[in-house]
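Each chain gets a letter, A, B, C, D, E and F, in the order it is written, and its residues are counted from 1.
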Amino acid sequence: MNLSNAVTNLLNSTGIVNLQIGQAIMICVGLVLLFLAIKKDFEPLLLIPIGFGGILANIPVAEMAGPQGFLGQIYNVGINSGVFPLIIFIGVGAMTDFGPLIANPKTSLLGGAAQLGIFGTLMGALALSQYVPGVNFSIKDAASIGIIGGADGPTAIFLSSRLSPHLLGAIAVAAYSYMALVPIIQPPIMRLLTTEKEKRIQMVQLRHVSKREKIFFPLLVLLLCALLLPDAAPLMGALCFGNLLKESGVVERLSKTAANELINITTIFLGLTVGSKLSADKFLRGETLGILLLGLIAFCVGTAGGVLLGKLMNKFSKTPINPLIGAAGVSAVPMSARVVNKVGREYNPDNYLLMHAMGPNVSGVIGSAVAAGVLLALLK
Amino acid sequence: MLFQGLILMVAGMGVVFVFLVIMILMMNLLAVLMKPLARIIPEPEEKKVVKAKKAPIEDHEDIAVAIAAVNSFSK
Amino acid sequence: MNLSNAVTNLLNSTGIVNLQIGQAIMICVGLVLLFLAIKKDFEPLLLIPIGFGGILANIPVAEMAGPQGFLGQIYNVGINSGVFPLIIFIGVGAMTDFGPLIANPKTSLLGGAAQLGIFGTLMGALALSQYVPGVNFSIKDAASIGIIGGADGPTAIFLSSRLSPHLLGAIAVAAYSYMALVPIIQPPIMRLLTTEKEKRIQMVQLRHVSKREKIFFPLLVLLLCALLLPDAAPLMGALCFGNLLKESGVVERLSKTAANELINITTIFLGLTVGSKLSADKFLRGETLGILLLGLIAFCVGTAGGVLLGKLMNKFSKTPINPLIGAAGVSAVPMSARVVNKVGREYNPDNYLLMHAMGPNVSGVIGSAVAAGVLLALLK
Amino acid sequence: MLFQGLILMVAGMGVVFVFLVIMILMMNLLAVLMKPLARIIPEPEEKKVVKAKKAPIEDHEDIAVAIAAVNSFSK
Amino acid sequence: MNLSNAVTNLLNSTGIVNLQIGQAIMICVGLVLLFLAIKKDFEPLLLIPIGFGGILANIPVAEMAGPQGFLGQIYNVGINSGVFPLIIFIGVGAMTDFGPLIANPKTSLLGGAAQLGIFGTLMGALALSQYVPGVNFSIKDAASIGIIGGADGPTAIFLSSRLSPHLLGAIAVAAYSYMALVPIIQPPIMRLLTTEKEKRIQMVQLRHVSKREKIFFPLLVLLLCALLLPDAAPLMGALCFGNLLKESGVVERLSKTAANELINITTIFLGLTVGSKLSADKFLRGETLGILLLGLIAFCVGTAGGVLLGKLMNKFSKTPINPLIGAAGVSAVPMSARVVNKVGREYNPDNYLLMHAMGPNVSGVIGSAVAAGVLLALLK
Amino acid sequence: MLFQGLILMVAGMGVVFVFLVIMILMMNLLAVLMKPLARIIPEPEEKKVVKAKKAPIEDHEDIAVAIAAVNSFSK
């Protein structure tokens, strides 16, 4: 090695020499995600790590997302194994109060109707595959794309890491981006599908839910899942475990840790490694546009499904049901419940729908996990 | 393929609703069963809330003596 | 795939179709553990995760405890490797104050006598093997069962993961259950073995222990262990490391983290994965009844051993020793020390034995680790 | 096998007590050695306690100026 | 197995029988490190775990640092993979304020000059190899030794785990020990190389740095690194990621966790496992003395480099620059900046140089990462 | 080997300074660009500081109603 040698080697190892155009574009995509997260407050907890992971993965030479790179290694340990999304779900369970759902069980159907977004999008992806040349989604890919409509990040990441790892980056980005767009996507659909009178419906105060019911609830859901759809049991089990830690009231130190440090640490690494799947060859394709478009449709269809079932249920229910709360069935906890509350108050300033919307909201999480279980059972 | 998607949709939405309907039934049953259960074994609601707030080690009067020595993990 | 096909596949993947009777029973066992933990306050920090892990592992189809399942994978990383129980011991060390032991060193012998429970039970397991048809414990199994008498969860899990992984679930369940039963198991034995006069003995106030002594103590114990019984060094090293973090006074951020977030996170995963070893084929055997029975005997023998040595020491000691504190030698920190205090005050309301019982209590932890080291040295 | 168990018991209880007896001797020796040691190198007991309470970064008067810039990890 | 057999086996497994002289010496080295950490306050956050890990690794029979031992297993997962030092850097980024650097950019050159310590020491190591018989450092070893002069623990551990794993223990010990000695090593050099007048120079108040600049800064540095020197991108990326979490202001729960629990947990295991590389056959060689000597030289040369460039820059700068702040360019954040402040006030009690020294101080971290990148690019 | 070390030193110190000089230029450019940028898109400095202090979930007036039900993670 002499000096000119060394300089040549250094020049040959610079990013300027090695940067491919695809990498450059993907770095810009990462920067856009960071901009949306920081400036536009788009799900920053996830999109900052995802965006940054995308940038790191596209830095030439370093190969951080490769099998020897640190992101690649964490990906194998945490995402390939399915462990990270499940840990997130433990934390989510430890933060979720199922009280509003237990107080008014029938509203959980609204969280079922909103899953129409998942399956509608699945069909959309297949249609796109069939009619648009160059787009070629397998049925597994279509299912992974559909799950964006579930509006549940961990569920989407868990399912697509199982069925379509090559689409994971795009799907996670779409899922979290559209969740962030809930306040923009949902209100027009909600306004369009409901009458003035429906929008003003006030619902009866929720009954008190006892501590004991809250303890039984996660166990009942888990047992139901075990009997009906064990393929959903990892997701549902993690959610119920976290919730039982919280509601049991005797292991506060565990539930606090699950809802804070554990979920935070996992979020950092889940975000970085999911972002590290934003490689140019996987993301810069026509298909990604398709995924983004379909994801948008998924949210719209899900919202419409929830609202329409709300209208129907209001017709037949003894106590009045404001169909707006159906929109919260997509999950995106707690954002879509807040959107419902806001839209409701626009038409009736004394109408606080938030707690009523939390029922469909959390049942939407359960509904998406069930839908993911069905897809796993039939396609894995 | 589109047909397969349709099947997935029917099967999927079906299972989702079957699941939720049974869940609703179970919740209703649970609410009904709570009252007799509460009569047999009264729910110590308040005690639990208080307990959750205190550290688990503080529920004996003798603890002030030994606060440095004890820990809340039984090994 | 047509619709009837899909429905058939879904039906064939339900838990109803696939549930084996053994799995159903084990799920009930898990529910019983949860009931004991939540309602009866049986070591909830461990028994909630263990019980829930037991339920998850016995959900059919999902195979969460299998080599590809998330519990199975965490088990391999954390328990097979021996890492989780050692991390718990680091946290335990960071929470333990050895001051009462240093102030009255001779009481540590009581923590030795209580280890009689370990070896008595080991012999009991061998006797059961020999005389009861169908029970067939190897000597390694007998040692793992004996360690239940140590009343130290991490030690029991560490040893049995090394010697008898197939018994791990039952042993962990027995260990934590009986620890929870300490307030019920110990008092009758303590009352039976001591005279009225002995029960009323007041002990002299403990001397002040300097910070410096507390820093030297974990290092001395570790060096002693390194010289005499290096097989116990992983357990003892983890305990002493955590304690040194605490007592050094200069790394508060590390000792706080070890005693809180780190131990909480590890407890969640240790509990879930230990519980995932509660499979029907390993647990639903006559042998498990044997293990439960022997575990109970272990606690009784250990308690008796401690109390009897206490009586003996009181005869020969210059300062009076209340034999009741011998019961704390089984460890089960700090529960058994509290039991001693309570029983003592029943007979002499002004007699606060808590601090005096903490000495044997923490020396019981050391004693069990030493016993585990001997068993590893001779049987591994 | 029962005989082997007996051997394990004798050996095990023996080692446990040997270990604890030496530990007791060491603790007694330690207590004895503490006094002359404390005379040679006085133990800064109070200082340590105070220090443990303050964040490690606060032990210079100039810190208020730069509280945002410093951190307690030396890299 | 009979009793005499058992006793023989136990005796043969004692440390007394198996302890090799090298292990005994290394245990003493570990105790010395603990003494320095606890009593002399030498970087206790790292040196307590490193020292304790060194003791554990040298306990005979237990083989905790071996491939099946718990320290060996954690080493493979955390250090071999390069993950632990990068996590530490994420936490460091989340604790670092680059404001003083952004306010006075040109002072970052001082953090470059101090890297002379790295390369000077590299040459020293090669010279030692050439002229001292028995010392035989490869060029990779020399680079790893040189990085001690970077005064950045994670950078040193990351680089030497890549280039010279067999020297990792000695290098980490030297790096953290000399960082602790900064208040003793630096002042004489600072006093020697500056005139009375220079020492009294007061610098103009730093301008206000906006939140937005602080957000852009880590992104700019990362992009620059990606273009110029992608081999430094893992280190720089981790640092910038942590800093962006902090400065973005929208993910406080993640940045708090990164700067506290995550870095604490990682520090515990990084320290223990780095310490476990303190094996007698690697450490008790003439070469280690060489490493310690060279490490000392590295710090001196780095300090001198920073101070001398400070003198030069003061000659040509429009606003006055106190050359003392050049000493902070070695990094060792924030200790060397404090040393600068203290020395400055000795000569001019009204002169608060702390904030001015933080600029070179944090740029020294960047400079060392760049230097590590160059060494990786040319030698890996 | 010593010669190789010299090459590493020259190359290394060279790259370090090239890196830092470009970084300085970028920082200066950044400072210059901040003013026009701040005019186009005013920096919501204060709002951000306040926001960082409050939990993210507290920025709607309706939250008190539902504090137990919501969480700051969107799932």
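Throughout what follows, a residue touches a chain if its C-beta (ideal position, glycine included) is under 8 Å from a C-beta of that chain, and two chains touch if they have at least 3 such contacts.
Computed from a prediction, not measured in an experiment: that's the story for all the values here.
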| item | value |
| --- | --- |
| Chains in simultaneous contact with chain A and chain D | C, E |
| Separation of chain E from chain B in steps, with touching chains one step apart | 2 |
| Steps needed, at fewest, to go from chain D to chain F via touching chains | 2 |
| Furthest chain, CA centroid comparison against chain F | C |
| Centroid-based (C-alpha) most distant chain relative to chain B | E |
| Computed distance of Cα centres, chain C from chain B, in Å | 27 |
| Distance between chain centroids, defined by C-alpha means - chain A, chain B (Å) | 24 |
| For chain B paired with chain F, centre-to-centre distance based on mean C-alpha positions, whole Å | 42 |
| Multi-partner residues of chain B (at least 2 other chains) | 4, 8, 11, 15, 72 |
| Sequence positions of chain E contacting 2 or more other chains | 1, 6, 10, 45, 225, 228-229, 249-250, 253, 261, 267, 374, 378 |
| Interchain contacts (touch definition) - all pairs | A-B, A-C, A-E, A-F, B-C, C-D, C-E, D-E, E-F |
| Of chain E, residues touching chain C in the complex | 1, 6, 9-10, 13-16, 18-19, 27, 31, 34, 37-38, 41, 44-45, 48-49, 52, 55-56, 59-62, 64, 69-70, 73-74, 260-261, 264-265, 267-268, 272 |
| Residues on chain E engaged by chain D in the complex (per definition of touch) | 1-3, 5-7, 10, 43, 45-46, 88-89, 91-92, 95-97, 99-100, 151-155, 176, 179-180, 259, 263, 267, 331-335, 337-338, 341-342, 345, 352, 354-355, 358, 365 |
| Chain A partner contacts - residues on chain B that touch it in the complex | 1-2, 4-6, 8-9, 11-13, 15-24, 26-28, 30-31, 34, 37-38, 43, 45, 48-49, 51-52, 56, 72 |
| In the complex, chain D residues that touch chain E | 4, 7-8, 10-11, 15, 57, 60, 62, 65-66, 68-75 |
| Residue ranges of chain E touching chain F (in the complex, touch as defined) | 101-102, 105-106, 108-109, 111-112, 115-116, 118-120, 122-123, 125-127, 129-130, 139, 142-143, 210-213, 216-217, 220-221, 224-225, 228-229, 249-250, 252-253, 363, 366-367, 370-371, 373-375, 378 |
